[in-house]
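Have a look at this one.
Naming follows writing order (A, B, C and D), and every chain is counted from residue 1.
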Amino acid sequence: MSGALEASFDLLLGAALLWLAWHSVAAPQVLRRVAMFLVFGLLMALVWARLGAPDLALAEAAIGAGITSALLLGAGVATPHPDLDGAATRTTRSACGVPRPVLAVLCTLLGIGLALVMYATASTPAPAPSTAAVDAHVLGNPVTAVLLDFRGYDTLLELLVLLVALLGARVLGERLEPVPATAPPGGVAPMLDQLLAMSTPVLLLTALYVLWAGSDAPGGAFQAGALLAGLGVMYSLAGRLQPLAHTPHRLRLLLVLGVGAFALFACASLLWSPAPLTFPARGARALALTLDLALMISVAVTLVLLFLAAPGARIGRR
Amino acid sequence: MSGFLLAAALLLLLNAVVGVVSLYASPYPADRMLAILLIGSTTVAILLLLAYRHEPPVLLEVALSFVLLAAIGSIAFVQQRLRAPPHEP
Amino acid sequence: MSLWAYCATAAGLFAIGLYGLLAYSDFIQRLLAANIMVSAVFLYLIVTAASTATPPHPVPQAMVLTGIVVAVSVTALALVLVLVRCLRALPDDAAPRPQDTAGSADG
Amino acid sequence: MSGLDLLAVALVCAGCAFFLTGTLGLLRFPDPRARLHALTKADNVGLGLICAGLGVLDASVAGALKLALVWVLGMLASTLSAFLIARQETVRSGGQRR
């Protein structure tokens, strides 16, 4: 009974995701595509919940409902389209030169093949991750060592990717004049201010709680940072945060706080172990929490500044 | 109890999918936003139902962060429409 | 969890994303298609991890978690790029710009 | 199955019924403003009933508080969304009221 229910839930979820994905790619108008894509993101959170990965569901919820929806919904109008929605969607020639029906057949075949390969590979148990690269004698548990090592490098590089994306957006954005902002008739301000006043404390508290609770799981800082970034996006939609012409020094410090803390930690960790970015035997939890705090602040500030640099923030200023 | 909660979640998901398909076909732009609202509240309800199938209900925080940020989409949509050229459908 | 249902979903999402990326010329359409392909890859990673152990192995989870954050930052960067491209591709009369009435044909 | 469990089942069923009613309104009503009316009201009552049912199921105070918080914040967000979209639709359709 329960098995059949689970199978039909998963099947319905998968079918809905495929329908939404098709319409977010092939729908006739920008708004339709964007809305279907946002619905797709919300359902992905359900998929993560079903697959037993609540960390991912939390990240998908905070990012999908927050910054992604503001980015994409704003982009439809802020970017004027020279040739869109008309000729391009109606012709049968695709952008790469192959006729669309041929391309559709090829992609369908690819999808069927992929499904078979994925099923075959996923149902055979994968070999356990190699622990050969880790000095098993530094930390007693090799699996913990793999995780901590992996997490250190992964997080450091990800922070760098975020910073590079922000730099790129800022450099490109300098060439643009701001899109002329006509004052919206009757802004959203009064009610939005009420909402902000009520939900800001709850959001801050939730972010700190997520950070605290996630210090044992991989990457509680990202979800907390995404939640804080959602708060920042709300403030900028309310007109309380404006796009900046120059990043002030204090903000720059916050931007590099995460990378700086990790670099410091990498150097300091050489004192107690031959490999960088390994946690000491004692006080690992407090150290991880400190790093996570720096990480959360940097992720939140970077995401908000990215949103402010993107087309979505160039509309609806007070 | 676990089976009942899953059955309720399945019913809600089916309900929301039907709603989104009908809203997709409608000609009004505001209906796109209604689809997001519908899926948003349904997702929260399903997450709550799924959360109580297992003993520590870890998915409650997920539902909480959903509702905390749920208004962002509507605000962005309305500001976008206010700036849209009036002839656009 | 039903392994086959999620495998079919991941493969279908990848195929749809690839089709969208290759078939259309609109930038935002391609951006959404690429995002869907990314979701398909994430889904496959987690399905593989969840099929062998419950809860799924934490290493793929950590990878997907960072991947989600990277995907959104890349989306923001791509949107800025789209804006730059669109403003350049427009003829001068299509997008009236207040400070730019002399019609300096940029790019 | 105890009496509390039965109460929880009844509340969750009632919540699902409200969600179904909301979607029925979506399918039947002619324009976005009417649909908004059906959607936001029915879904919030449904969410509240489901929260209440699960709160009965949850023995801990913290869980019940979190459920209540989810419901209240959901209503806040939904109120703001409904107001903004309805006003936008009124502006778009030339200010006529129904």
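One rule holds in what follows: a residue touches a chain if its C-beta (ideal position, glycine included) is under 8 Å from a C-beta of that chain, and two chains touch if they have at least 3 such contacts.
As the structure is a computational prediction, the values presented were derived from the model and not from experiment.
Contact analysis places A-C first among chain pairs (by count of C-beta pairs in contact). The mean-CA centres of chain A and chain C are about 11 angstrom from one another, to the nearest whole unit. Centroids of chain C and chain D (each the mean of its C-alpha atoms) stand 32 Å apart. For the pair chain B and chain C, the distance between C-alpha centroids works out to 21 Å.
Annotation for chain A: residues touching 2 or more other chains are 6, 13, 34, 50, 76, 78, 185, 188, 192, 195, 199, 202, 312. Within chain D, residues 69, 73, 76-77, 80, 84, 87 each touch two or more of the remaining chains.
Residues of chain B in contact with at least two other chains: 33, 64, 68, 70-71, 73, 75, 77-78, 82. Shown are all chain pairs that touch, namely A-B, A-C, A-D, B-D. Taken together, the chain C residues at the contact with chain A in this complex read 1-20, 22-30, 32-33, 35-36, 39, 42-44, 46-48, 50-52, 54-59, 61-66, 68-70, 72-77, 79-84, 86-87, 89-91, 94-95, 97-100. Only residues 5, 8-9, 12-13, 15-16, 19-20, 22-23, 26-27, 31-32, 35-36, 39-40, 43-44, 46-47, 50-51, 54, 57-58, 63, 66-67, 69-70, 73-74, 76-78, 80-81, 84-85, 87-89, 92 of chain D touch chain B when the two sit together in their complex.
Residues 1, 4-5, 8, 11-12, 15-16, 18-19, 22-23, 26, 28, 30-31, 33-34, 37-38, 41-42, 44-45, 48-49, 51-52, 57, 60, 63-64, 67-68, 70-71, 73-75, 77-78, 81-82 of chain B are the ones that touch chain D when the two sit in their complex.
By the touch criterion stated above, chain D contacts chain A in their complex at residues 69, 73, 76-77, 80, 83-84, 87, 91. For chain A in complex with chain B, the residues that touch the partner chain are 1-2, 5-6, 8-9, 12-13, 16, 19-20, 23, 27, 29, 31-32, 34-36, 38-39, 42-43, 45-46, 49-50, 54, 57-58, 61-62, 65-66, 69-70, 73-74, 76-78, 181-182, 184-185, 188, 192, 195, 199, 202-203, 206, 209-210, 213, 223, 227, 230, 233-234, 237-238, 312, 315-316.
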